[in-house]
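Structure in structure tokens, see below.
When the chains are written out, they are named A, B, C, D, E and F in that same order, and each has its own residue count from 1.
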Amino acid sequence: MTLPPIMIEPAVRAALLEDLGRAGDITTDAVIPAAARFDGVIAARQSGVVAGIDAARLAFRLLDPAIQFHTERPDGTPVAGGDIVARIAGPARGILSAERVALNFLCRLSGIASATARLVDAAKPHRARIVCTRKTTPGLRLFEKHAVRAGGGVNHRFGLDDAVLIKDNHIAVAGGIRPAVERAKAAIGHLVKIEIEVDTLSQLEEVLALPVDVVLLDNMTPDLLARAVAMVGGRMLTEASGRVSETSVRAIAATGVDYISSGWITHSAPILDLGLDV
Amino acid sequence: MTLPPIMIEPAVRAALLEDLGRAGDITTDAVIPAAARFDGVIAARQSGVVAGIDAARLAFRLLDPAIQFHTERPDGTPVAGGDIVARIAGPARGILSAERVALNFLCRLSGIASATARLVDAAKPHRARIVCTRKTTPGLRLFEKHAVRAGGGVNHRFGLDDAVLIKDNHIAVAGGIRPAVERAKAAIGHLVKIEIEVDTLSQLEEVLALPVDVVLLDNMTPDLLARAVAMVGGRMLTEASGRVSETSVRAIAATGVDYISSGWITHSAPILDLGLDV
Amino acid sequence: MTLPPIMIEPAVRAALLEDLGRAGDITTDAVIPAAARFDGVIAARQSGVVAGIDAARLAFRLLDPAIQFHTERPDGTPVAGGDIVARIAGPARGILSAERVALNFLCRLSGIASATARLVDAAKPHRARIVCTRKTTPGLRLFEKHAVRAGGGVNHRFGLDDAVLIKDNHIAVAGGIRPAVERAKAAIGHLVKIEIEVDTLSQLEEVLALPVDVVLLDNMTPDLLARAVAMVGGRMLTEASGRVSETSVRAIAATGVDYISSGWITHSAPILDLGLDV
Amino acid sequence: MTLPPIMIEPAVRAALLEDLGRAGDITTDAVIPAAARFDGVIAARQSGVVAGIDAARLAFRLLDPAIQFHTERPDGTPVAGGDIVARIAGPARGILSAERVALNFLCRLSGIASATARLVDAAKPHRARIVCTRKTTPGLRLFEKHAVRAGGGVNHRFGLDDAVLIKDNHIAVAGGIRPAVERAKAAIGHLVKIEIEVDTLSQLEEVLALPVDVVLLDNMTPDLLARAVAMVGGRMLTEASGRVSETSVRAIAATGVDYISSGWITHSAPILDLGLDV
Amino acid sequence: MTLPPIMIEPAVRAALLEDLGRAGDITTDAVIPAAARFDGVIAARQSGVVAGIDAARLAFRLLDPAIQFHTERPDGTPVAGGDIVARIAGPARGILSAERVALNFLCRLSGIASATARLVDAAKPHRARIVCTRKTTPGLRLFEKHAVRAGGGVNHRFGLDDAVLIKDNHIAVAGGIRPAVERAKAAIGHLVKIEIEVDTLSQLEEVLALPVDVVLLDNMTPDLLARAVAMVGGRMLTEASGRVSETSVRAIAATGVDYISSGWITHSAPILDLGLDV
Amino acid sequence: MTLPPIMIEPAVRAALLEDLGRAGDITTDAVIPAAARFDGVIAARQSGVVAGIDAARLAFRLLDPAIQFHTERPDGTPVAGGDIVARIAGPARGILSAERVALNFLCRLSGIASATARLVDAAKPHRARIVCTRKTTPGLRLFEKHAVRAGGGVNHRFGLDDAVLIKDNHIAVAGGIRPAVERAKAAIGHLVKIEIEVDTLSQLEEVLALPVDVVLLDNMTPDLLARAVAMVGGRMLTEASGRVSETSVRAIAATGVDYISSGWITHSAPILDLGLDV
């Protein structure tokens, strides 16, 4: 599970330049001799799942191609506190100057992977899969969607253009579920799926008669969800959203829903603590 | 407290293009008539402090300049659940297409401001001020530093180039505290300050004899911190870091330290929940 | 049918700068007085379907916001030779300097819309719809996909990331149709469709037992196509490709296939001739 | 005949990112094992002239530097159907993901070179050389001008800034041929040439008394052209434009004109069909 | 004499962002109330010729569109110390934040225009015109070429691509003057001129028999230059270069040479001192 | 003293593309055989101090990685006329095409370093150090600040965001020195210094009672400066500005001031003449 460097390099390069500013790393330039070397490791300080190791490696190597970076735990690997994730060696200046940017990517993305994995584990006895949303950090969607996969989750839409998702505001403005679905069906290509959000069983009733691929059951209690899943009866895929947390996810999964989507795993997951040690 | 549009526009524009992808908002284009209008509000769903309102407004207006956006609660304002943060009116298509990007900025930045405000409040009986770190989201440092100010915090360095901060790895490679500080002092300009990290009182002893502006007391217990602050005796500014949380911050502040820095407020603060309602 | 300016502006701006070079329009600057005005029309010199009018307008207005541009025939409108597509008035310098870039977009995109419309018309008695491919001009995919819709066609994938399309080379390297489809099914999200290319009826036989949304029948004669469509019997969508031309398309459509894809409409369509007249 | 990579890389990189989108090549990532290799050739499927081979090579190598690409027929080489243009070997994933972008450049540019070569051949008994125009694809002018040279043609202006070309609209607004030329002559540097468009012999008469380097004889019949060329008598260079096609070009060349310019070779040339085979 | 905003905006925007850094103008934000207004003038502090007024205006208006900027002396106007060049009014914050960038453009470009004007004046009794070179500031060629015109000079090549200039190193590697000119003549289009550099009269002799438009007489004494000009006898344009200064230029012009090129006017001209006053 | 390539590459790349334009180096491409090699040196033609050697090397290597570039005199080294600064060997085309851009960086930056060194030398018997200002070339601040260091100078602010500098206009709008300083002190972080400009001794008197790090003594005569320095008595750092030239600097330094800032070293320093010789 890797991303081609051509796709991640622009954001990593921009992050380095953001940190270097106009004058560069004035501490390291003044304090560290040009010939000094550094040998160290990136180690986990708590348990979780790794993601973003390629971005971290790229951060070091864009700053100085002489830096050696050896991945010990690739993206998707579970780690415990103390585990070595990567070994790094080379000119001390470059390593110290790139450290923060590398860790900013790695800790954040590993935090997302770890949060995803916790939901995945909690849902495990059931068939439901955990999916992400578009509630991602501006500019980092590619990375965060990838981190969700590293944590065992599944990606929802990458943007507004790769599937139709008709939400409550669309239905309100369009004048109802049927006209909304019919207009969507007429406009899209044959490789595009249609999902629609419903809040009630009567809305669901109306959807079941329409050419919809996925129905999003929003903010329903587990009981209501279970009735909705039964009503659908496998005629379309079901996705639950709203009030999804580490504590609630198992009960939601137990309703038999196919997918459970969580904004929390991308917008509010705490980082996974990793650090650079000599 | 505002950021000039020329500084925030590139990131907001990029976030919109990231979400629009190559085909744009295919749902809205298909389902919503071109002439439909939308009148709504952005409302808080929980209490906290607002930040990022300018980015949100820009997201709507970059997508369609015909959208009217009226800020009710500018950055830095405390809100309670249900409070209206902004009013928005105009072409429904543009509003629905920009909604997610606007909220992604607003919820994340308000989350940072709110987390900062919680630490600020907890430390309040004491003089200590809350400062952020460079543990920010790649590409969004400007926004997140601004959100920290909105929450009542103070900004630390914006990057590697605007002050000297000598950390443990620098000291190790440079061969000690004294050579590190002396090299830094010789290299920098007269408008640059020097901060150095110490872990022990004996290191602090050594620092007190050197031309340093701020000493960073890292990972010390409140007891040790209090002794360190006493040793410094106002000869330089003191900053505490490590193990800073909503529960620990008051005890740290009580030691008399001048500044308390927290990575958590930028790297792990949950979002503040805000939504767009008709 | 419009594209938000934020999506098309970068390419239009880049095209203007490409043409202006480093010294700008040295002819117009020297020859045309600054105060001179120009009133003119963009007129079709042959019949076809218009596309790209928004890009043309943007070209003029990015060069000089004082230029007035009134669209007479929006994208998707059929025109005959002599028809006025837009009226334009304002400072002569700006109009003459932007003319070529505006027409380069408009003529090329109208050429694609017109070619698409000719295929659509030829297929009309039948249900088959005309779809485009990824054989587009580097950098202009958004514009060209839009032009296909303006001509009455339907868009296929916008890129490698918005649907699975398993082609002959994938099947060869993956070791067969079944393993290829199974791996794809396991990896993708619930909003992504799967299409697979087959060249023979025996391959089609194998596909019919798999969870595939669309089958691409490549380079088959009309007779073979008709047999394939019958075999499928509506269990999945069918798409024909290969040897599609203005003369062959009707026979292909007569086989009952659902979609006919053509690279020719984007990679080899001649422009529609339009010009700027006083 | 090569273009420095620094000049072509931005467009090739942008084209790859346009195709990869936000999620990358989801088909190849799912279906093709990471260790799989691919050995193949790019072969012509019809006869013509090659152009764009450097862009094709760069597309593969930007995606994965481990891909080997050996050019068999460099730009400017005539090929027949079945001829091998390049050999390619390396990781299957990278090759399959870059294939379409590489071919989009190569087929389009080879189409332009081939169209140019057909005009060049048709004009051959005569002195006239084939030149291109500014009717190029937005964003690809560098590539298309290069393809014209690969086909044996000569480049006209690269943009509005590298020579003066006074056209009918300029003359109309400037108030006549003489004031237009005089203003141009006064404004430009000594390394810039002046060309002016005329439609009639009486306009040509007026031009012959002015300091003009090239006269553009627009939309004249061969008879009229021949009279115009005789009138000029070698005092300035002559260029014919308008109604230039594969069938008309020989008669135009026979008039003795020095240059024949064609927009068709860049704006409407069909691609040269080339494909990637195992 | 103006440059279209679309051409100058990128460099002005980049210069503002370079100065604003990541935190913006922290002095002005802290010290100046948001409602404060500023009325002032940009005044010359010494005599010279103005250039860059459009860049200065754009700097203010990009930072805050509410700033009013009224040009009193457009580019190309001579000014004396104390003359008001522009009037400016609006929000004090924006004006103070943009001031330095605006003046950096205006003072530098006016310095170039003023230096050019001094050479132009010194050469005035003679026909020779002053031309610039490619010895410009990286990234600002457009602006500096424009400033040369504002000072009464003429532009030489804008880059390596808009005319042929065969220099000593080219001749050495190409194996002589004749092969160099012949290869150039065969390769270029009919709208491209050829210039060649010679150091001696015998080289000039050889050049006079070749199809060259301009001969560059490099580093010759006025005596030698006069003999060279006489040898050429109007058969091609003559340009002198080397050792051109305010004191030497008149003697060089007196030789009858057509053009005198100076790198000094762009690479070493001191700024024209202008400042912002209340 | 080096700058990481990631920081300087964008400007060097942009400068190359600015010079190559759309068609590249048409002279070299036509005249120089592809296989020709060039061995040469970059030599100083006058004495001074080198700066910008890394930008020069990068210019050659970005154009053709096969070019070998060996630095003989790194940044900060004094050179005399005739000294060899770098040796260069490789494909003649690439070397000749990159020559001008490489020299444009090197000559300009060495000119700044040399001007700085002249001021540094003149001030030498005294403690005063030479500092630069924000009067730099738009887009090249990083390079020019670095050149000042190479010449023995010290950098002042890199931009508006890395220290507070309260100037006369700020004081006027803020309503006095005290409110300006107090507002600044309240707003900034603990790693930011405050400098304030004064023109008179009575202003200085007021400043001495305030929490200011540096006082800028603007446009004072040496006599006045000496009295000001005495008044300060080491309580804050002192910086002199205004009327600083090669002739005046020694007298200013003799006043005992800590820093002397000069805009001239960046905005008006003539280039150091260096050239490429076979």
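The rule we apply is simple: contacts are C-beta pairs under 8 Å (C-beta built on N, C-alpha and C of every residue); 3 or more make two chains touch, one makes a residue touch a chain.
This structure is a prediction, so every number in the text was calculated from the model and none was measured.
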Fewest hops from chain C to chain E - one hop per pair of touching chains: 1
Maximum centroid distance from chain B, chain identifier (CA atoms): D
Copies chain D and chain F touch via same or different residues, half shared test: different
Farthest chain relative to chain A (centres taken as mean CA coordinates): E
Rounded Å distance between chain A and chain C, as computed from the means of their C-alpha atoms: 33
Geometric centre distance via CA averages, chain C-chain B, whole Å: 45
Rounded Å distance, chain E centre to chain F centre (Cα mean): 22
For chain B, residues that touch 2 or more chains besides their own: 18, 20-24, 97, 141, 155, 158-159, 161-162, 165, 192
Residue ranges of chain F in contact with chain D within the complex: 13, 16-17, 20-24, 34, 62-64, 94, 97
In the complex, chain F residues that touch chain C: 18, 21-22
Parts of chain E lying in touch with chain C, wherever the complex brings them together: 2-4, 6-7, 141-142, 145, 155, 158-159
Complex contacts: residues of chain B adjacent to chain A: 11-12, 14-15, 18-33, 36, 38, 92, 96-97, 99-101, 103-105, 107-108, 111, 134-141, 158-162, 164-166, 169-170, 172-174, 180, 183-184, 186-188, 192, 264, 267-268, 270-271, 276, 278
Chain B residues within the chain F interface of the complex: 131, 154-158, 161-163, 165, 189-193, 195, 213-214, 237, 239, 258-259
